[in-house]
Amino acid sequence: MSRSFSATILHNDYQSSLFKRLVVKPSSTVILPKPGQFYMLQTGDSFDPLLKRPFSIFSYEENTLHFLYRIRGKGTHSLSKLKEGTDIQLIGPLGNSYPAPEGDFIAVAGGIGIASLFPLLQKFEKRAHLCYGARNKAELVMVDEARKAAKELFIATDDGSAGGKGFVTEYLKHCLDSFPGAPVYACGPTPMLHIVAKKVRDRGIPCYVSLEEHMACGIGACLGCVVKTTAGQKRVCKEGPVFAAEEIIW
Amino acid sequence: MVNLAVEIGPLKLKNPVMTASGTFGYGEEYAEFVDLNRLGAIVVKGLSLTPREGNPTPRIVETPAGMLNAIGLQNIGVRAFIKEKLPFLRQFDTPVIANFFGDTIDEYVQAAEELSAADGVRALEMNISCPNKQAGWIVFGTDPKTMDQVVGAVRNVTKLPLIVKLSPNVTDIGCMAKVAEDSGADAVSVMNTITGMVIDIRRRKPVLANATGGLSGPAIRPIAVRMVWEVYKAVKIPIIGMGGIMTAHDAIEFMIAGARAVAVGTANFIMPTATTDICDGIEAFLKEERISDINDLIGSLTTSKK
Amino acid sequence: MVNLAVEIGPLKLKNPVMTASGTFGYGEEYAEFVDLNRLGAIVVKGLSLTPREGNPTPRIVETPAGMLNAIGLQNIGVRAFIKEKLPFLRQFDTPVIANFFGDTIDEYVQAAEELSAADGVRALEMNISCPNKQAGWIVFGTDPKTMDQVVGAVRNVTKLPLIVKLSPNVTDIGCMAKVAEDSGADAVSVMNTITGMVIDIRRRKPVLANATGGLSGPAIRPIAVRMVWEVYKAVKIPIIGMGGIMTAHDAIEFMIAGARAVAVGTANFIMPTATTDICDGIEAFLKEERISDINDLIGSLTTSKK
Amino acid sequence: MSRSFSATILHNDYQSSLFKRLVVKPSSTVILPKPGQFYMLQTGDSFDPLLKRPFSIFSYEENTLHFLYRIRGKGTHSLSKLKEGTDIQLIGPLGNSYPAPEGDFIAVAGGIGIASLFPLLQKFEKRAHLCYGARNKAELVMVDEARKAAKELFIATDDGSAGGKGFVTEYLKHCLDSFPGAPVYACGPTPMLHIVAKKVRDRGIPCYVSLEEHMACGIGACLGCVVKTTAGQKRVCKEGPVFAAEEIIW
């Protein structure tokens, strides 16, 4: 059960014009991922793009791994062109995972951050108060699925094209007040995570953030992805991507 | 059976495939993917006398067929390496080569002394692509005089095989290799990364927090092969070739150009088993070509041009 | 409306997109694909006083995200150019820049004189990445003293804007740019190709008949952007940036790093309309970013590092 | 009618394990090619492979261009992976063409050289005495089609796995003797072309060879593809690829 394996693409379908869902079938038995873990995925067949790209596990079923990705730059474009039947190389599952919540919990997703939180929502079904925000409606994905998996769902967009207008962190305050003691799990752009951390800080409840950094190796070797913490520099790919918010030096 | 063993000065390698410093951590990160016993040598992440924080992030950005890194030589320091990492590496039947650097000649010398005294370090690789604090931050490896001084000083304090890793950011790498040879190096590594920059055009800022970074990967391979060939013509000491080696084919190119051994860097990120895949590929090539000793391949390039 | 016009010393360009020497023939080869009136300038294939045969083939080999060429400066010679090619180019409302070179200082000087006298040559670009016959074939552009001599000598015989095209195969390109500036150059082009080699591993021979060739294309872009930035910090004269520009995005990177104009080379081979596509893309970017004058973009890079 | 145009892939099918046939539909009206001309084809979607690759026109019908290619290195591998519906950029038709034969003619094809000669065989149907050689049977392609288009067909392989054993140029002598005065058209590896040229040289009949060189631009700008001729250096992409054999300095 090597964490470096090849897999065949079963599906690589648009969810909307910006998002695709990739389903692969590993060619050998693989280690089962935990919510919050990620994989490094080969995105093409040449040296351009060169590096594998990190993607969170979105869901897994017997013998298939699912990823949800937003088409962004060169790597995700290349990935989006791969057809069913193509074999790609993966490394994973990598990194740590979200600690299991004991009861209900609060989840804050910014944009594609939903992909990382989704297995948590599913594993602990109907226990998440989910605040899900994005720049606009087009940047939201899997809303129905998220609604089904969560206990309740608050949507916010910067421009008000879906849900409430404004930052998703506005809903966080409401949740924090309504469900005191519920731990917070957040994944999204760093500025959003920072706001989440600040809002939760003085409440004495656990707050876990899943960080992103540019990655080359994904396995702790290149030191490309470090983050400063109260316990020194840590590698997002190895000691993370999930960190206790108070540990991060923002 | 083909012979894959090569000698880097006094150091015997069971095969010519080593890891490139900084791309293989301290070895342990790859132990689950690669049988470390199968490597020619393990070159660890560059070490300094005292630990280094390195640069802020982003430290990595991809470029066409390459990547820039500006790790900034983050490392745990010579002592922590010897105490925490070396015991693990001693388990394997593979020579460990300690890559190291300093801000001053003294730092180089002290790091070299401590590493030489450690059980399990079989050779030293000096990274001289870093700036000299005491000489206006001129890079050691781009100035023949400074290079001579620092290599000579390290040579005086170590009996281990001493490999000098050359910087490609120079006018004449053959000349720099000659300086290293004359200053007492047992071998040279060719080459380190080439300085590059990528700009975020919306923000008008470099993508890397450090502004510039070192270019590695297949993009630089033709340059590295040329430099190995130039160095091969300039010196007698063995050459360790590196720069964009992704496959056995590429490794063989370097050996034909004159490299006695090769180091695999960026390829490890793309395929964790790259080193042993390449070693297998070299062996297969030798069999196909009916070459019984890899040493017959080294420097076998023929050209109509001098 | 945005202003795209830039000035390379005394030379006014309607937009900053030029062609890179040797990749656009004498202009006529691309006339069916590109409206030559829309170019900032046309830089023609490097010319020497007398015609040159160039190297044997193969002259071209592809590399990851790049290519090596060893054309060997084949050209029809200054006089044939003036007689046979210039009349066609004079039809267009686009300045013609004559790229030229020599084996000796005398050859540079004579070529410069004849080109300066020709009707329709609006500026000279000196290619100094070639070896000096009278000084052990050391490349003019890698030795500050030789470079000073040859640039100074040419400066004395021409009143045309003089652009010196720098070689990247040097330790400190900022220093070489300064030499060019001090020797009388009105502008510098950064950069020429980087020497590289590809080996046919079965035949144990270089793929190129000339053994080595010049690496161009996207692979070298991060190096070229870095060099433009270094030169921008070192000199006051305008910079023409080039090396791997494929899209408007890339051209903008160079301008932010400090290039006053850009030259498109290898991209022409891949997309014959690359030059005008890039020009359109730059204009679109300026509009999006609400920048009314392209000159505000030039050298707009901010970094936390000096 | 620009010679730089985009086209949609209609088919990209294996003819055998080594050869594929590519059919594209230009998105605009294009110039009709002549036998012996070629196109520069985009082979992928990234900068690796970087350069377009030259391929002879194999056949053309109303609004479709056909190419026959052998999968060799990086570019042809990349091309072979492109799926129907993909758009690619082409430049062409490029270069000169085979001069029209007056009566019967002799054609000598080595390996994939058949692709270049095929439109000549078709245009002057049942007039070619075709000598078609390859290393072995697997390296032969479109044999039935060639047989149909030619007047007669001689096959030779180095190992005798199809047709006669030996060099295809052995059949040439027979044809030259049997059809005196018939012009010769040859396309294949340079050593084969050289042998053809030598065999024909003293007979005083026209002999045309289609040359190959590494190409970057395909349109005469880079000077990558020159060949030495009795009239100085010429560009294979512009003054060629078809040359009178006696003109070439081998």
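Order as written gives the chain letters A, B, C and D; numbering starts at 1 within each chain.
Criterion: contacts are C-beta pairs under 8 Å (C-beta built on N, C-alpha and C of every residue); 3 or more make two chains touch, one makes a residue touch a chain.
Treat the numbers as computed from the prediction; the structure is a model and nothing was measured.
> With centres defined by CA atoms only, which chain is the most remote from chain B?
Farthest chain from chain B, going by C-alpha centroids: D.
> Using mean C-alpha positions as chain centres, tell me how far chain B is from chain C in Å, no decimals.
Taking the average C-alpha coordinate of chain B and of chain C, the gap between them is 33 Å.
> Using CA atom averages as chain centres, what separation in Å is found between chain A and chain D?
That pair's centroid distance is 52 Å.
> Measuring centre to centre with CA averages, how many angstrom lie between chain C and chain D?
Each chain's C-alpha centroid was found; their separation is 36 Å.
> Give me the residue numbers in chain B that touch at least two other chains, ranges are fine.
Residues 64-66, 217-219.
> On chain A, where are the residues touching two or more other chains?
46-49, 74
> Assign the assembly's chain-to-chain touch graph to one of these shapes: line, ring, star, complete, other.
complete
> Give every residue of chain D touching chain C within the complex, in rising order.
Result: residues 2-4, 42, 46-52, 74-75, 89, 91, 213-227, 233 of chain D touch chain C.
> In the complex, go through chain B and note every residue touching chain C.
Listed in rising order, the residues are 63-66, 68, 142, 169-172, 194-199, 201-202, 204-206, 209-212, 215, 217-223, 225-226, 229, 244, 249, 252-253, 256-257, 285, 289, 300-305.
> Tell me, which parts of chain A touch chain D in their complex?
44-49, 74, 78, 81, 83
> Applying the document's contact rule, which stretches of chain C touch chain D when the two form their complex?
22-25, 29-30, 32-33, 45, 53-54, 57-62, 64-67, 69, 71, 74, 217-219, 246, 266, 268-273
> Using the touch definition from the top, list the residues of chain D that touch chain B in their complex.
Contacts found on chain D: 47-48.
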